[in-house]
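Multiple structures follow.
One chain, subunit A, links the two complexes that follow: it is found with subunit B in the first and with subunit C in the second.
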Partner chain A sequence: MKRLLNVHEAPIIIFTIAVFLLFSVISPDFFQLDNIKLILDQNISMFIVAIGMTMVILLGGMDLSVGSVLAVTATSVGLFLGQGIHPWIAALMGIGIGVLCGMVNGYFIAVRKIPDIIVTLATMYIFRGIAVGISGGTWMTNFPEGFRFFGQGQLLGISFPLLIAVVLIAVFVYLLKFTRSGRKIYAIGGNGSAAKLAGISAAKSKFMVYVLTGLLVGIASVIFASKVGSVQASTAGNSLSFEVMAAVLIGGGSIFGGVGTVAGTMLGVLFMGIIKNGLIISKVSPFWVDATTGFLIILAIVINTLQRIRQNKGKEGDLI
Partner chain B sequence: MSAWLSGFSLKSNKLLVQLVLLLFILVLFSILSPYFLSVANFMNVLNQMVEVGLIAIPMTMIIISGAMDLSVGSILAFSAVSMGVAYQQGVNIWVSVGIGLLAGLLCGAVNGYLIARHRMQAIVVTIGMLVMLRGLVYVINEGRPISGFPDAFYFLGQQYIGGIPFNAIFLVAMFLLASFVMKKTRFSTYVYGIGNNEEVVRYSGISVVRVRFILFMLSGLFSAIAGVFLVSRLASAEATSGTNIELDVITATLIGGTHIFGGRGSLAGTFVGLLIIVFLRNGLNLLGVSVLYQAVILGALLLLAAGNKKFNGE
Partner chain C sequence: MSQPVLTMEGISKEFPGVKALSGVNFELFPGEVHALMGENGAGKSTLMKILSGVYAPTQGTIRLKGKETSFRSPLDAQRQGVSIIHQEFNLFTNLSAAENIFIDRPEMVGRFGRIQWSKLYNEAQRLVDSIGGGEIDVRREVRHLGVHSQQVVEIAKALSFQADVLIMDEPSAALPENEVKKMFDVVNRLRAQGVAIVYVSHRMKEIFEIADKVTVLRDGVKIDTRSIEDVTEQSLIQMMVGKEVHRLYPVRDQEPGEETVLKVDRLSLDSAHAVSFELRKGEILGLFGVPGSGSHTVAERLFGLKRGTGDILINGKAARINSPGDAKARKIAYVPPDRHRQGIIKPMSIRQNLSLPMLPQLSKGLVLDRGRIRRMSEEYMEKLRIKAPSDEQSVDFLSGGNQQKVVIGKWLASKPEILILEEPTRGVDVGAKAEIYNIIHRLAREGLSILLISSEMPEVIGLSDRILVLYKGEIVHEFAHGEADQEQLLQRASHPRLEGGIL
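Showing the complex of A and B:
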């Protein structure tokens, strides 16, 4: 039992089970197979984006621009489809645009050494403006039949987007745990100067992480556009960055970098998804959902700080 | 003495760059738009810059101390709507204003308590407040705008004294007062000290917690004042007010030469940065550029300001 509690993800697992039980008691509609499928289905994009955000936060950074990158990518995929381009090629081009956005972020952060928060705050507005500009302010709808496969299709009896998400999660769990570039990310986030002395290039890793995040957001946005069936550039993914950030922090990631796992983040996304779904099913005013997201972010940082204090106890004298 | 002189020349150099940029914007828009260069338009700009300007004062101090407050826009909306709701309940308008200011002060205190007392990351805490308060604003009022304030209240945002808008005079007075505080008092030394080396300030026996707490309280209070002025100017309290205002405020502060890592910066610089931002926005508005493209331009300017060594004085 004690060993179980010492697992890094223990608090989030307990929280998730607690809210799950709570909503099951409050609303009879919650604990249904269809509803659980719905929770997974609605949060697919968030699962995929959260993988990228986990790596960014592991480096001690932060990416506020993911929502806007999602808007740019989804809008341009819509435009490509409108031009009659084949859905698969349009999707690939969209993912390419996601990578490009990631490279812009990576260039300013890794090469020009401007703080993450400022760069992504600026690109958040820049990408959003570009998205609205290229969409002309109208809704993107009427996607061709073939495009629906990405968000709603079935492969081997399993939902195609879910399959993609599972594969991506598996790949990135492996990358972060067992490969050299993955361990470098932990090293840089954990102790930047030690990593530098060990000959690790922080700039290279940072650039790579932001490009990978762009790639993941690109994939997520194709699934998002296909699933929702319409894209509005000015609102698509509006609060995505904040929600994903909250999920990473709730999932045990440390804002100071170096601590966190993809598995924990996935539980964090699930936790957020359950709360949002549960609030709506229990017929709470939808206005409360945003307020709750903000509250969860603050809760996450409180837990984060408490964990840090507990871990540091005995290791160093109290600073104050 | 020589160190002081070299610091001075560097600083004036930085201000020079900013003034040149401001002049460039003024000349550019005078050529591009026939409506730009007129007294009425300039007074209009002065009237509109007050909200951003008021928030830029504490934001400059907070960035100098090495932190950042992203929740200002939501605090503005929260106090504006609290004030509106109080007035709708039949409370006297000036008491309602007091309630709005108290609401802002309270939000600032929450920020300050978590960030200063418990040493949590300022960015994450204020992002949490940003999302939560914006949600609460919709909860309080279900997204309906509140209007129908008494005429006496519109004095704050719409009255002109001797051809100059009253709120602009208030803003300049605030800037002078804050500038005095940041130049002549012990408090400013603490703020600059925390930005440069927090540990040393702490070992000198100065309460870093108290200074940080005061800074975030100030930020809450000034955001609330900005909210009151905004409601008075637009004659309605809306749930969406103050959205994205942090982009303008932070860009103005950073263009004004405040260093993003803290420790350096001045309110005079922020004021010039503020003028650059508001004249840029006004000119783009006159040219009919959409608000979203303006955000693109401001975002680019923010990157430029944070990345350019001339602005940072390095």
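Showing the complex of A and C:
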């Protein structure tokens, strides 16, 4: 039990279970297989984007532009489809645009060494602006039948987007935990100067992380466009950046870098998904959903902090 | 004898699971400099924190000028006349010295909340002058002041509360060697004014120079308070560690080899200065200079952190070193001076820290070879006697000495031929120091060539085969083994032109 409590993700696991049980008691409609499937399904894009954000925050950075990247990629895919391009080609081209956006962010942040908050604040407007510009401000709808597979299709009886998300989570858990690249990300975020002295190039890792984030947002945006069936450039992914950052922090990530896991973040996304779904099912007025969500985020982060303080109690350095 | 200004009786402090202090008695008289010594973890910081109002004691009483009192907060302690000057200064570098001294003080505010600038400046200048800081313009922003002047500002700030008791935590740590004397002048003035000073320092030499009395703590218990005339360096160390330490520095029983491993030719430190020297196999070459002499730059150049001109020859072959990666490839390792900022990665475990410079060698392709990493880490835990329950523990939980061993260990694992050590024992207690010195000796005996850059003179003298003295970017003197003593070394490092003159 004690060992279990010392797992990094322990607070968020317990908190998620508590919220889950609470909603199950409040509303009989909550704890239903269909509803749980719905929660997962509605948050697929967030799961995928949050993987990228975990790496960005591990580096001690932040990315305000992911929502706009989602908008510009989804809009582009819509345009490609409108031109009669094959859905698979259109999807791949869209993902390529996501990667391109990531390269733009990565270039200015890693190579030109401009602070990430400034770069992504600017690109947040730029990418959103491009999305609105190329769409001419109109809704993109009427996607061809073949495109629905990405968001709504099934493979071997399992939801295709869910499958993609699970594969991506597995790949990135492995990358962060078992490979050199992953270890470098933790080292740079944990102490940049020490990492530099160990011969680790921060620029390469940073660039890679922003490009991978672009790739993940690209994938998420194809799923998003296919699932929703329509894209509006000015609103798609509007609050995505902040929600995803919140999920990373709820999942135990540190805004100062060096601390956090993909598993924790995924729980963070799940936690936020459960709250939104549960509040609506429990008939909380939709006008109060945002405020309640914010309150629960603070609560989760306070619990995380308390856990960290508890773990540091046995430390000699600070006490004596 | 006069009355004590401060008396602490039976002070105990418990934290969950730890008894940091038990039954400590401490008396402080006006106009005395009272050194407080002990290894890291002995309870010095806890005692200081109780004295300065950060912690409340679990048990015990504090009497200030005969009256029993308690400190609710650091500000409360200051108002009652007990001030502390921390090792790291607490100054607003973007504000003037005067504003720093009287920050947020109602007596400086006039009608309608207007700050009375002329009163503020005059009072501040008077305070600064009174402790011999006449050259400081209190209207200037603190960031334009040197370290010594910043310390004077800190002291003036403490005195502005009419301090009867001043606690100085490692006051010389931030100062260049040649400014320590100036700080002593300030302390002497304070002593003459009747201020009681608690002087906390690891540096033996200073204690004997400045203190009147010394109190030693060990494992949260007061060992003794003695007059400084009644102790020797040896007996103090013995009191601190509890067992007889025969020698801090091991006996060098082997001569360095003949072959030159590293040859540096006109290596530029800045546009006007360059150094040339050679390092032989298995040699410990000391490089000593006061801050600003360029000794740190030598390390930066050799490790590729700074670029410039000049030649570096390793085993007779010219080497281009433009990044830490290049240096690593040439089998150069560097233990940096600031372990918190440049050495350890706190959120990571001991094992992860140890394996960091060696990741490419400890991987199969891109994937980490966890078995080899574990074996490597266990090997170096053992070799350097890093004390921790497991190598999977976070380095953040280790003592300073053990953290430093991790930093040294991670570089040894890369099997270097040249090891640059900069301030290898900064902020480390005596016991760990002796261990690290032993490690350095063992490494040299095994054939590693070591460049030792340190501002601690006893360390440079005690360990080095040869010592190069650096002054303003030039090597001004070379001492052969056993030639140097502290006085000569400091003299060469601060006034090289005065041949045999007095210091």
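The rule is short, and it goes like this: the second predicted complex is superposed on the first by the 291 of 320 C-alpha atoms of A that agree within 3 Å, B and C clash if a C-alpha of one lies under 4 Å from a C-alpha of the other, contacts with A are read in each partner's own complex, and residues count from 1 in each chain.
By definition in this document, a residue touches a chain if its C-beta (ideal position, glycine included) is under 8 Å from a C-beta of that chain, and two chains touch if they have at least 3 such contacts.
Given the structure is predicted, the values throughout are model-derived calculations rather than measurements.
K.L.:
Contacts for A:107 in the overlay, against subunit B (first) and subunit C (second): which applies, first, second, both or neither?
P.N.:
A:107: touches no partner chain.
K.L.:
Just to be sure I read the superposition right, which of the two partners does A:287 touch: subunit B = first, subunit C = second, or both, or neither?
P.N.:
A:287 contacts subunit B only, not subunit C.
K.L.:
By the touch definition at the top of the document, which applies to A:149: first (subunit B), second (subunit C), both, or neither?
P.N.:
Neither partner.
K.L.:
Mind working out whether A:191 is in touch with subunit B, subunit C, both or neither, as first, second, both or neither?
P.N.:
In the superposition, A:191 touches subunit C alone.
K.L.:
For subunit A, which side has the bigger count of touched residues, subunit B or subunit C?
P.N.:
Partner touching more subunit A residues in the overlay: B.
K.L.:
Output check: A:258 vs subunit B and subunit C. Expected answer is one of first, second, both, neither. What do you get?
P.N.:
Second partner only, subunit C.
K.L.:
Identify the overlap between the subunit B-contacting and the subunit C-contacting residues of subunit A.
P.N.:
Touching subunit B and subunit C on subunit A: residues 319-320.
K.L.:
Residue numbers of subunit A touching subunit B in their complex, please.
P.N.:
It is residues 62, 108, 112, 114-115, 117-119, 121-126, 128-130, 132-133, 234, 239, 242, 245-246, 249, 255-256, 285, 287-298, 300-302, 304-305, 319-320 of subunit A that touch subunit B.
K.L.:
Hey, which residues of subunit A end up touching subunit C in the complex?
P.N.:
Listed in rising order, the residues are 178-181, 183-184, 186-187, 190-191, 193-201, 254, 258-259, 312-317, 319-320.
K.L.:
Given the complex with subunit A, which residues does subunit C contribute to the contact?
P.N.:
By the definition above, subunit C touches subunit A via 15-18, 20, 41-43, 45-46, 220, 303, 305, 323-325, 327-328, 334, 336, 341-348, 352, 356-357, 359-360, 363, 366-368, 370, 396-397, 399-400, 410.
K.L.:
Going by the contact rule set out above, which residues of subunit B touch subunit A in the complex?
P.N.:
Going through subunit B, the ones touching subunit A are 68, 70, 114, 118-121, 123-125, 127-136, 138-139, 142-143, 202, 209, 244, 246-247, 250, 254, 260-261, 290, 292-296, 298-300, 302-303, 306-307.
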